[in-house]
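The structures come next, written out as structure tokens.
What follows is a pair of complexes built around chain A, which joins chain B in one and chain C in the other.
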Partner chain A sequence: MLVSDCCYPCKQTNISTDLGLSFPQPVQEYPDPQPGSDLPSNQTIPIDNQKRDPKEKESEAANPNSPKPQKTKKMPVFKTPFNGYAVKFSPFYESRLAVATAQNFGILGNGRLHVLELSPAGPISEFASFDTADGVYDVTWSESHESLLIAAVADGSVKLYDLALPPASNPVRSLQEHSREVHSLDFNPVRRDSFLSSSWDDTIKLWTLDRPTSVRTFKEHAYCVYSSVWNPRHADVFASASGDCTIRVWDVREPGSTMILPAHEFEILACDWNKYDDCVLVSASVDKSIKVWDVRNFRIPVSVLNGHSYAVRKVKFSPHRRGAIASCSYDMTVCLWDYMVEDALIGRYDHHTEFAVGVDMSVLVEGLLASTGWDELVYVWQHGTDPRAP
Partner chain B sequence: MATQSTPPPDSTTEKPKPQCEIAGLSLHAAAFCKTAESDFGFNSSLLDLGKGEGNIFSWGVRGVDINEEIEASEVVQPRNEDQQDAKAAATISPPSVFVNSEPMREEQVQNAVKFLSHPKVRGSPVIYRRSFLEKKGLTKEEIDEAFRRVPDQSPTVTGVQAVSANQDGQLKSSNIQQQAQAQTLHPSAATPAGVISKTGTQYRFHWSHAFLAIGFLAASGAGTAILFKNAFIPRLKSWIRKIVLEGENDIVQKSNSKPSLAEEATAAAKAAAAAAADVAKTSQEILTSKIEENRRLEEFMNLLNVQVQEMKSMSNAIRKLEGPNNSTGRLIQQEDTRGLMTTSKHLNVNGKAEFDSRSVRSSSPPASSEPSVAPHPKSYMEIMAMVQRGEKPPNIRDINDLPPNPNQPLSNPRLAPRTKPWEVGQVQYSAGHAYQSQVTGEGFNSRAQDNGVAYQLNGDSSTWWQQKNSRITEIETEDESRTASYTASNEQPIQRTWVPPQPPPIAMPEAAAAIRQPKSSIQRESLVNDQSVSRPSDEIDELQRITKISESGGVVEIKEESSGLNSSEMQQEQE
Partner chain C sequence: MEKAINRQRVLLQHLSPSSSAAEDESSLSASVCVAGDSAAYQRTSVFGDDVVIVAAYRTALCKSKRGGFKDTYPDDLLAPVLRALLEKTNLNPNEVGDIVVGTVLAPGSQRASECRMAAFYAGFPETVPVRTVNRQCSSGLQAVADVAAAIKAGFYDIGIGAGLESMTANPMAWEGSINPKVKEFVQAQDCLLPMGITSENVAHRFGVTRQEQDQAAVESHKRAAAATATGKFKDEIIPVSTKIVDPKTGDEKLVTISVDDGIRPNATMSDLAKLKPVFKKNGTTTAGNSSQVSDGAGAVLLMKRSVAMRKGLPILGVFRTFAAVGVDPAVMGIGPAVAIPAAVKSAGLELDDIDLFEINEAFASQFVYCRKKLDLDPEKINVNGGAMAIGHPLGATGARCVGTLLHEMKRRGKDCRFGVVSMCIGTGMGAAAVFERGDCVDELRNARTAENNNLLSKDAQ
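Presenting the complex of A and B:
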């Protein structure tokens, strides 16, 4: 790929960014942070403790007015006007992430898609935002175009936005095929030309960026499909998690699903593949547990992670660490697990004051986490640090 | 592409089908009965189908005959551990790991057939039957097989043994129905094609079975004949006799009954009179009590009226006193009660979420399902209540979010896709890369330069989100002559096949000499330093030494000597 005399003549000089190094992106990409769009992202929440422990909430409540230590940096918090539903880091820019939000908790109301920019100085600023008629439940970035992002909207449409075009030209596409809410999207990281949408109408649709209609529809689940995720190494394989309590593994080349894992006794809200072991899946369910599965021996889970006190809403495998899993739950916490380690829970963050609904781990910056919840806040922090303090 | 159609039986399997069916048979009747209950967890009340004698009988018979076949095919029983071995061996060779390569488990199929044959299950939609079986852990093939085996009409269970299709012709005439088992094929509904394919394999052990069946039938026929003779006919006779006798008796009784009629009539009249008197008394009593009640009611009403009037006067007084505050109190009360009502409604709705039609979005959110429901925020409940009442929350705007130009061409990508951290050393999928050749060189150049500039600007104060990047030693593979090969294990930054750069050619020998003098002295220091700092490095590059020197407040020129500006800065930052 990086041979000097191939078709990409300028690869050599650009290797450092291609390797996913943690350079901040060139400043020319940043617009000047506008005071209007900058919602109170500079709010400082008085917190002293640097170390995370389960009793933090009590101690915070105890001394809300204690003097803060000297801080040169500001809080990496962003307040969205609507309730947060999903966050996704951009695969091209380390400092960029998208947030999907929906008014009135997503029950009934408008939606808004935010594109946020992390600045080196500290505060999170808004790069762009797009309003939708109905709530946005999920967002994904294109792996082929650095300026494209796709939104899953509660009215059943899938909308494409192009940041390189002026805001008035957006959305560039609105694909209306699902008969019910689209709950999740995932872009193929291997082929980089197609993406999946999962909907509450029990189907999963495969789309490509160049076609106005879906390429395929996968209809086998008996209830809402909450999530479908491409395998990070196999271009044609994906897994789906559904309210019918099963996880299905599909191969696009086959007419139907190739495996059915009855993973939980209750609805399965999320699933993800292990980036470093292409046969390992993780599933998160309403039954508060997270189970890790190996498709080669799918009758018994590799590991069961308990620790959340309510339904687990989202689960993600770390792009950097083989066994690390990030999860967020209705118990308002974001937890970090390592299923290959004896004591699996390696981090717990309870910075949200409402359901924690979206979590993501950056592919470009190791250890960088982002989360959002129904408390209308978006946090971005480095694993091991306090999300509410730098 | 809808996927509800079942694939043709021979298409997707890599294994010979008939053998697998045989192989899946359990040899232990007890185990069979146990698994039927444990695997499926059926309520005994729900499914009393053929648990017990019939099964054991059939299993015993079959077990004897199929032993050979099982050994011949060398397929292990479908226990989990064995499956692992089979699969472990199998996964290496077949093209996809993401396929269920288990052989079909006959037990599971039979359990499924039983389940599907149950009349209660027959009333439910097909999709829910499939879903149930999937949740029990059956594979697609097993489910399809079960569906194939269960006929459309429900077979009744009589405890007679399984018979193959060969016997169908003979048994049709005798009109006996069999138990719904794996090997049974309902005579009326079995498709001949499917049947024929199975008969070949089941030929052997069904002959004996057939003979036994015939013998049983003959015996039962004889038995019923005998029964008929011995029991029925005497009954008939006695019954006829009875009728005859009764007829005679009736005539006698009629004559006897006449004189007693008059007596009975008088007695009846007397009783009637007495009864009438009683009735009169009770009705009088009822009347009096009613009158009393009415009186009491009137008194109550009067009292109530008095109280109502008092309250009215009081409320009037209050209203006068607190004009505007009255309304909020009412609202709060209403909301609370409604909130309570709707929470219970909400919970109920979600409890049945799986099998009810989902009309309102409120029933679909997964939060409130059977395990302890997470407490929803109060405003969430309020909005739910509003929606269920049919009201629209006030803050919703009408937004037109349709694309202004649905054919708007997408902008060209300017950046190349980055390799993922887990894609190290892998062949990159080239499908999406074609467009990159069109990217202008300028774009990349400017970007690279900006990167360099930006990096230098931020080189000293690392951004807050880059803290604790001890693992990002990919920085070191900056060397442009190498491909992207930063290994996942980033422990030792030194252990790379990275060739230390050659010292730059000496442009000014005098300067070089001047520089070298302090350097040589410092080198000795650095050696000492190295030893004291127990660095487990075998190859201490010049560059490493140089950076350490620079770190310890050394000479600036040494920096310039280093091969790459970036690399030194990076190492600086890292250390």
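Presenting the complex of A and C:
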């Protein structure tokens, strides 16, 4: 398959043969972090530094001459009518965000897919929204078309939406092949023409935008597949996280999985690849821990990150900082970690009042985070600021 | 249904620490919902055709004949609050479908004309109609309910429910003779009882002591003073520029009234004990434990939720239900004890679900009786003081209580979900309305500090 002109500078890298696999030359990579953009390793963001006693606030309002604490930019909040399940920043527009929501916590009822518009100095507004017959569990943007997005619906279907078309002609396509809930989607950032869907029917399906049926089905896991994520550098490699307590690394060109990582003793709810190191991935589990693995030496994790008090629902590697990981958990917090640093927890945000189930980091705006949870709220904020407005 | 159970099972296994799928002794297990809310009520109902309140304002309430508004024309009390509704929401006045003003004592047609004139002063064009409504002390609340009903009926999308009373201009009086037929109908005759006598009847029949009444009055003044001091009323009071004429010299002074002038921060039990009963010899109702005779106005802007969202207006509250009931005119003060359960029931709720009350303190006797009869938590009622401290301009009270209630619910945060406004009505009635907190369209306020770091919602506790 031909690769369309890439926007990132092409660069030759050493082909890693340690895995016993031969990877094709990578055609794009994420730019190296700017010097000075990394936080010094001993800096920690104080927890809850922005929470203020309401009485303090009132007395401050009464006395305008009292010195005000540093002004933080107002980071807005959006309330969805249904419980939030996933957020995804658009790879084309820095102010666009997709939110997957489901009624009644996704257990029974309808779903809605929101596309939100963030304005620099004002509230979040809704650009479009699509109703579905069952809850929407995940959403992903197409890397090839700026107006295309794909929703993972709990009735087993994968729906394509095109924002450029009028609402009456959406969804453009509904792909019904999974026999159970589709839990996650991921679009191939290298090839940009295909995407994966992971389902509770223990399978992962590979789809392309032009075909009405799946290209391939990967059936090896013994329980729900919660997440499958493409490798950011190698077009045919992806990893999947499953409730059978394993992570599997797959190569599309091979008939089966190429590596089985028994990463945890409990279900693994999410995984992600390091955007700056193509051999490092992270897994998040019901055992409340997050483990970072190097596929070249997969017996022992590179790092174990403890800190959540309930199962960790989602993890994402930062597109801007080499070791930074964002995670959200059933303990209602969103945490930011840096596994390369001694004191790994670099930020903890407890703005949600119900399970925090979706988190994303923007590729286009450095340090911009979005999260959603079962409290029906979507927060967008800059790392280091308070997600709730001042 | 099978699907729902399976999904619940998958989610539960994320929270259960056991590694095997078998039933283990785990600290977490699924159970039937034991939430305090009534199961029948849907937790999140956000429908475009809900009638919502986007703004509620009032003037300060001042003592009649001696207070700040003693030389103010009644229409000059109403106009500022109507104008405030327009200015604060940037609403085009042409879009308002009707203005309904609750007003009691003034001659009907004259007051209706005054209200029409007030609308012109406020900047409303001739195309916006105005009418008045009179259900005695509940007129302000009835006005809000009438507008809500009209919006629901589809007569218009945006309306204003207001209340106005100048008891300086129109004292309580009976014009003309009384129909001799009342002698044959006890209850008709009881309609003519002075309100204070009905208060004594309530105190006597239901055993409300003088101490309890004075205590309620002290509490009312204390809370109202605290609210004024912390600036809580600044959100809802619209300053009114008017004049005061010195009775002795006749000099006019221009003033701006923005503070309720009836509140006595230093009221104590001993001060109140000194007051003599006013209505009945050896009675318990005094000037201190009765509502004050006042002048004031209030106004509430209502519209359909879909209209509010289209205009990007923050939603202060949602109008849920209204109930008017009838009771024995001789003990008219028991009205709220009958009206509140009626309104709460028609909202599909229980009394426990109501987080905040504004019960008009016409007299401490009836207020204390209603509170005891319904077994309500005093910490939830009139938290910023009531009519004994702030004042009771008859027609305005309903509208001003709506504003006070909704602003307080907004301050209290998401925890404070339902509120009730209620009052007794002279001639033996009661009225109550249930409001719901405006859910967040753009602003979130969580003003209460959490005592313990228990982040679970109120349902789960």
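Assorted remarks:
We adopt the following convention: the second predicted complex is superposed on the first by the 315 of 390 C-alpha atoms of A that agree within 3 Å, B and C clash if a C-alpha of one lies under 4 Å from a C-alpha of the other, contacts with A are read in each partner's own complex, and residues count from 1 in each chain.
Just so it is clear, a contact is a pair of C-beta atoms (placed from the backbone, for glycine too) under 8 Å apart; a residue touches a chain by one contact, two chains touch by 3 or more.
This structure is a prediction, so every number in the text was calculated from the model and none was measured.
When both complexes are overlaid on chain A, the residue A:306 reaches neither chain B nor chain C. Touch criterion met: A:200 reaches chain B and chain C at once. Between chain B and chain C, the partner in contact with more residues of chain A is B. By the document's definition of touching, both partners, chain B and chain C, reach A:267.
Contacts of A:123 after superposition on the shared chain: chain C is touched, whereas chain B is not.
Of the two partner chains placed by the overlay, chain B and chain C both lie in contact with A:107. Looking at the shared chain after the overlay, A:350 reaches chain C, while chain B stays out of its contact range. Once the two complexes are overlaid on the shared chain, A:224 sits against chain B and chain C alike. After overlaying the two complexes on the shared chain, residue contacts for A:179 are found with neither chain B nor chain C. Once the two complexes are laid over each other on the shared chain, residue contacts for A:244 go to chain B alone; chain C is not touched.
Overlap of the chain B and chain C interfaces on chain A comprises residues 76, 105-108, 154, 181, 200, 224, 243, 245, 266-267, 269, 286-287, 310-311, 330, 354.
Of all residues in chain C, only 3-4, 7-8, 10-11, 13-15, 17, 19, 44, 46, 230-231, 414, 439-444, 446-449, 455, 457 touch chain A in the complex they form.
If you check the complex, the residues on chain A that touch chain C are 53-54, 58, 61-62, 76-77, 79, 81, 105-108, 123, 154, 181, 200, 224, 243, 245, 265-267, 269, 286-287, 310-311, 313, 330, 332, 350, 353-354, 376-377, 388-389.
Those residues of chain B that touch chain A in the shared complex are 1-4, 7, 12, 80, 83-84, 87-88, 91, 96-100, 127-128, 130-131, 134-140, 353-354, 358, 361-362, 364-367, 369-372, 374, 377, 379-380, 383-384, 387, 392-393, 395-406, 408, 410-423, 426, 428-429, 431-432, 435-437, 439, 441, 443-445, 447-448, 450-451, 453-455, 458, 461, 463-469, 471-472, 474-475, 477-478, 480, 483-484, 486, 488, 566.
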